[in-house]
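Both complexes shown next keep chain A, but they swap its partner, so chain B is in the first and chain C is in the second.
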Partner chain A sequence: MVAVERLVGAYNTWATNGASEVPEWLKDMRSGAIARFESLGFPNMKQEAWRFTSVAPIAEGSFEQAKPPARIPTLEEIRPFLLLEAGYRLVFVDGFFQRALSTPFFDDVQSLAHVVTHRQDLVRQHLGKYAATEDRPFSALNTAFVNDGAFVHVPAKATIAEPIQLLFLASGKPAVTHPRNLVVLDREARASIVETYASLSHGAYWTNSVTEIVVGEAARVDYHRVQRESPGAYHVAATQTHQGRDSTVNLHMVAFGAALARHDIGAVLAGPGGRLILNGLYLLASQQHADHHTTIDHAADHCESHEYFNGVLDDKSRGVFTGRIIVRPGAQKTDSKQTNNNLLLSTDAHADSQPQLEIYADDVKCTHGSTVGPLDPRALFYLRSRGIGEHEAQQLLTYGFAAEILGRMEVAPLRAQLDGIVRGRLAEQ
Partner chain B sequence: MTSIEAHVQQPYKYGFVTDIESEVVPAGLNEDVIRLISAKKGEPEWMLEWRLKAYRNWLKMSEPHWPNVKYGPIDYQAISYYAAPKQRPKLDSLDQVDPKLVQTFEKLGIPIEEQKRLTGVAVDAVFDSVSVATTFQAELAKYGVIFMPISQAIREHADLVQKYLGTVVPHNDNFFAALNTAVFTDGSFVYVPKGVRCPLELSTYFRINASSTGQFERTLIIADEGSHVSYLEGCSAPMRDENQLHAAVVELIALDNAQIKYSTIQNWYPGDDEGKGGIYNFVTKRGKCAGRNAKISWTQVETGSAITWKYPGCILQGDNSIGEFYSVAVTSHKQQADTGTKMIHLGKNTRSTIVSKGISAGRGQNTYRGLVKIMKGAEGARNYSQCDSMLIGDKCGAHTFPYIDVRNSTAIMEHEASTSKIGEDQIFYLRQRGLSAEDAVSMIVNGFCKEVFKELPMEFAVEATRLLGISLEGSVG
Partner chain C sequence: MKQGKGLLEVKGLRVAVAGNEILKGVDLTIRDGEVHAIMGPNGSGKSTLAQVLAGHPAYTVLAGTAKYEGKDLLDMKPEERARAGVFLAFQYPVEIRGITNSYFLRSALNALRRERGEAELDPIDFLQFLEQKLRAIGWDDSMMNRPVNEGFSGGEKKRNEILQLAVLEPRLAILDETDSGLDIDALKTVAETVNKLRAPNRSFLIVTHYQRLLNYITPDVVHVLADGRIVKSGGPELAHELEAKGYDWLRDAAMVS
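And now, the complex of A and B:
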């Protein structure tokens, strides 16, 4: 409770001082959200959605509201975190937009704080309309502190050729940031986006981000999210998509970092004929804990969704996966598949998997599958019989397991970068 | 779908009431009622103490609400916790059983008279709170197999009962188990001695008759080293507008190399088309493979009850022990079911198999919820789970909530689930071969459930097939 009071206190100070120059509707949204957070409090492990993840280290850690960084890193310093050379990019350090490091594009690829006043109608139409806060204390908290983040708007029938990079860097100070991102694709628009979280130095900080992605009729987005937080960091995030008729969303979620990570991914197929791929990989070692909760909501008929989540768990790490597929009444001809495969590389690693189907329509095809197990001893034997050393054989098989997920990404240079990161991680083990 | 759906809604066949004078304890629950039940059963002091301990714990517990089912509040003080037919028969002679009771069970297809007994099956017939007859007791005694009402076992085999009762499902395990422990009335007790293969199928038939009562039975089955037993329970109840509570506890214990096969055909009154009335079937069933190479197999066919809420589970403690769960759950009309299993792997090389088939029709809601937990010491544990759902009609729901928790990297665990409807092409094919739509559906549904039915003892597989036909009749078109 102390932690809740402290955050509410921080909000009150912030709302009266630094954050007062925003439109009324945003102030109302913030005050509504802080009231929501105050009534919800931090989740505990008795709640079904938090059964396997304790947020005590976050609630008990005293994280200050992040301040603008004392020193702004140079382009050279941030280059290792840029996964692509070309394309527009928005860079944030400790949650603050860095114009000097970014390459915005008018008011279409911009910082949210800027467009809140410059494109008020569009922002007001979408912001906070998709990411639920009723039973999500962290999303409510993010909404209360809504200030800056990335804003991407792709007008009707436009295609942005190069992927847009959204880079969130932490200086490593023990502070909390609440990045808030809004992506809007109008009808028949196309874009590819990479959202990255990383840290300039090791430290125990807390990132609490929310991203809302709205995809119009027949539009398509390839959305990548790379979580490479510092090993001591706490990362809580929510990503929510909302798809119109005949649209395509490909979501690729890769988690390497943070001591404790929780990611809620929600996808609503609101119009008929929507297609969704939700592709995820978590690669954990030491005492890392990563919890992914995905909810795919088939609210309209003739939609298709394919979900693949693979987890590689080494040392004393723990991977939690809860994937729910909801097929609403009337969402006939739904075709939905979900798999979650977990590879346990150490006797102390631990996997929890909860695939869930909730189906209220009869003319549907829905399946889910889940596995947990070690590397296949026969495959290992085969490789060894071909003269490959045991350790290398293990690495090769583990890499293959992870590469299956990376292989679904269509942006080749990005795939190659991530491939390199995966190989690097496996070589350490 | 119209014509098929129209076929399915057939009335409940076992909804009659037996007009028999009953002795019913006034509604309400307090320590005096528990003392009264204990006294009526002539129980020893330790049993009463255990009941009271459970009751005091129960008072501190609150009713759980996490399952995916909806129902109004239950007034525990409005239920009568003991009801028995007045002329209590003497158990040594079946001729003294009230002919009305004999007729009742005959009507249900469970003959308890000597000449009409099912060959090869020993039956314990439980009517409301008491066991009215147990067949083949003498025959079984020749093999050293004890098969009797649990109230009798508490008096005659106190040592065995005291040693095992409550060791698998403790008195404070959950809200309904605690309530059962406090007020349980009858149920069956089975003990199979070392190395004995029980020569008969053992069976208990539960019948609720009196109104405003609940049935709280308790079953305890112990299979000693190297023994084998197959047990089957069946049940039914009259049609009433009120909801009656059935909160049973079943405990199975399998020692080294022992095998227990437990089959259930559950056909409690499911309520009417509008969901009025019907039994709340809130049951705790758990088996423990206490010894090496032990095996416990649960097979259930759940067609009745307004609400079914049960998770027959296995604690696989002994090395190399095996747990199995085969289930068919049907919900039609407004029935709701939240059922599945728990497999807890503790020992090395323990194996478990889960095959669950859910069928939803009408406005039924069917949920599979299961836990597979592989603990750290369970080297080489193996689990395979398969959950298939079939939907008939567009107003029903099918849900799957498996929980998988693996803490050992040598364990292999696989889970698969699918949901589909009966293909129109399949029906078309069968119809052009001259089958009626109904027969086609019945054939497809039976094929869907075949993996489970083949696990049932022969006589009951036939019964189950028939039952499935009845509860689905008219639901496909």
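And now, the complex of A and C:
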């Protein structure tokens, strides 16, 4: 309760001070959201959606609202976190947009704070319309503090050739940031995007982000999210997509970092003929805890969704995966496939995997499967019988778990970068 | 049969799995360049012999010896056997998620090259090497960028084993029921490839339940394994005799002895 009161107090101070120069509708959205957060409070483990994840370290921590960074990092300092050289990029430090480090593109690739006034109609049409807050305290809190983040708009029939990078860096100070991102692709538009969370130094900070992605008719987005927070960080996030008829959404979610991470991923297939790939990897060690909660909502007929999540868990780490698939009445000819495979590299590592299928249409194809276990001894013998040493064989099989997910990414230079990060991580283990 | 020292000399080999004795004293000598076939009914121990020679950890050697190039094969780890030139084509090839065939083959080949003191092949050199091998056996590279055995048909899996054989160039190739589950065209393809890979310095041990593979690969010696022992050895004509008469008469012979 104390934590809730403190956050509400911080909101009240902020809302009456620096945050007042915004349109009325946004003020209303914020005040509604803080009221929602106040009534919901922090989730607890008695709630079904939080059975395996305790947020006590966040609720009991004392995170101040982040202030603008005392020192702006140089381009050289942020280069290790840029996964690609080319393309537009938006860089944020402790939640604050860094124009000098960014390469925006007019009002289409811009900071959200800027377009809230400059493209008010478009932002108002979409912001907060997709990410649920009624039963989501963290998304409600993010919405209460909505201020800055990335905004990407791709006009009808336009293609942005190079991937757009959205980079959120933490200075490492024990503060909370609420990045809010809005991505809108109009009909037949196409883009690829990389959203990265990383830290300039080790620290116990808290990121609470929300990203809404709206994909118009026959548009296509390849969306990558790379969570490489500091090992002491807390990362709570919601990603919500909403796709129109005949559109394609390829989501790639990679989580390496944070002491405690919770990512709610929602996808709504709202028009017929939509196609979704939800492809995820979590690579955990020491005492890391990562919880992925996914909801794929087949709200229209003739859509397909393919969900693949692999986890590699070492030491005393814990991975949680919940894969909910809803097929609404009338969503006939739905083709939905879900798999979650967890590799336990240590007897102290633990994985929970729960598929939840809710099917209200009768002419559909839905399959799901999950595995939790150590390396397959048959596979180990197979590799050794070909001359590959035992340790190398173990590494190869472990790498394969990650490579299977990375292999679905179509942006080759990005895939190569992530491949390098994965290899580095596995070499440490 | 030729004279001279054997590449593989197995004597009195007794092997158990999960407490059950499967091999009850096997003697077998294979010389350089020879092709031996091991036939026998289901449960006779054929696959056990193949797997124990490759070093499968599930099997316990109770007694006997197996010398390979004069060294104690049973004392070597599976990877050491492979590096010394022993190759097992699996009856049930294993799927490896996320690792492409080409990456897997290069890793295996480089492990062997390191053992021989040769430079490792980088991806580009390996691709050239692989193309030569594929050309030599008349296959295309369609399987190379798929994850190892994943989603392969039964025939593709078996072909993939033979491709590994061609790339890794062993001295002793053990084929464990490579013919089972293959239709006649796939069987011919596999047999033709094995014939191309026959060489004076390469020996084969072909484990099979059926005689039909031996219509295409002519062995030097045929052994019949029944109830954990080799109960009869002979020339290629023995395979035809088994096809005509079945195994029962031999199983009875094994029981009596």
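The working rule: the second predicted complex is superposed on the first by the 429 of 429 C-alpha atoms of A that agree within 3 Å, B and C clash if a C-alpha of one lies under 4 Å from a C-alpha of the other, contacts with A are read in each partner's own complex, and residues count from 1 in each chain.
Here is the rule we go by: a contact is a pair of C-beta atoms (placed from the backbone, for glycine too) under 8 Å apart; a residue touches a chain by one contact, two chains touch by 3 or more.
Since we're looking at a predicted model, the values are computed, not measured.
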**OP:** After aligning the two structures on chain A, examine chain B and chain C and state clash or fit.
**Re:** fit
**OP:** Have a look at where A:41 lands relative to chain B and chain C in the superposition and call it first, second, both or neither.
**Re:** neither
**OP:** With the two complexes superposed on chain A, say which partner A:400 touches: chain B (first), chain C (second), both, or neither.
**Re:** second
**OP:** Please indicate which partner A:372 is in contact with in the superposed arrangement: first for chain B, second for chain C, both, or neither.
**Re:** first
Original post:
Which partner does A:385 contact after superposing on A: first (chain B), second (chain C), both, neither?
Top reply: second
Subject >> Per-residue contact with chain A, leading partner among chain C and chain B >> reply: B
Subject >> Contacts of A:350 with chain B and chain C, given as first, second, both or neither >> reply: first
Original post:
Angle chain B-chain A-chain C between C-alpha centres, in steps of 10 degrees?
Top reply: 70
**OP:** Based on the superposed arrangement, let me know which partner A:363 touches: chain B (first), chain C (second), both, or neither?
**Re:** first
Original post:
Touching A:424, do we find chain B (first), chain C (second), both, or neither?
Top reply: neither
Original post:
Between chain B and chain C, what is the tightest CA to CA spacing in Å in the combined model?
Top reply: 14
**OP:** Under the contact definition given at the top, report the residues of chain A touching chain B in one complex and chain C in the other.
**Re:** none
Subject >> Contact footprint of chain C on chain A as seen in their complex >> reply: 341, 376-379, 381-390, 392-393, 396-397, 399-405, 407
**OP:** Would you mind writing out the residues of chain C in touch with chain A in their complex?
**Re:** 54-57, 77-79, 81-83, 87-88, 90, 93-99, 104, 107-108, 111-112, 115, 147, 164, 168
**OP:** Mind listing the chain B positions that touch chain A in their complex?
**Re:** 66, 374, 376, 389, 391-421
Subject >> Residue ranges of chain A touching chain B (in the complex, touch as defined) >> reply: 48, 329-330, 332, 342, 344-347, 349-374
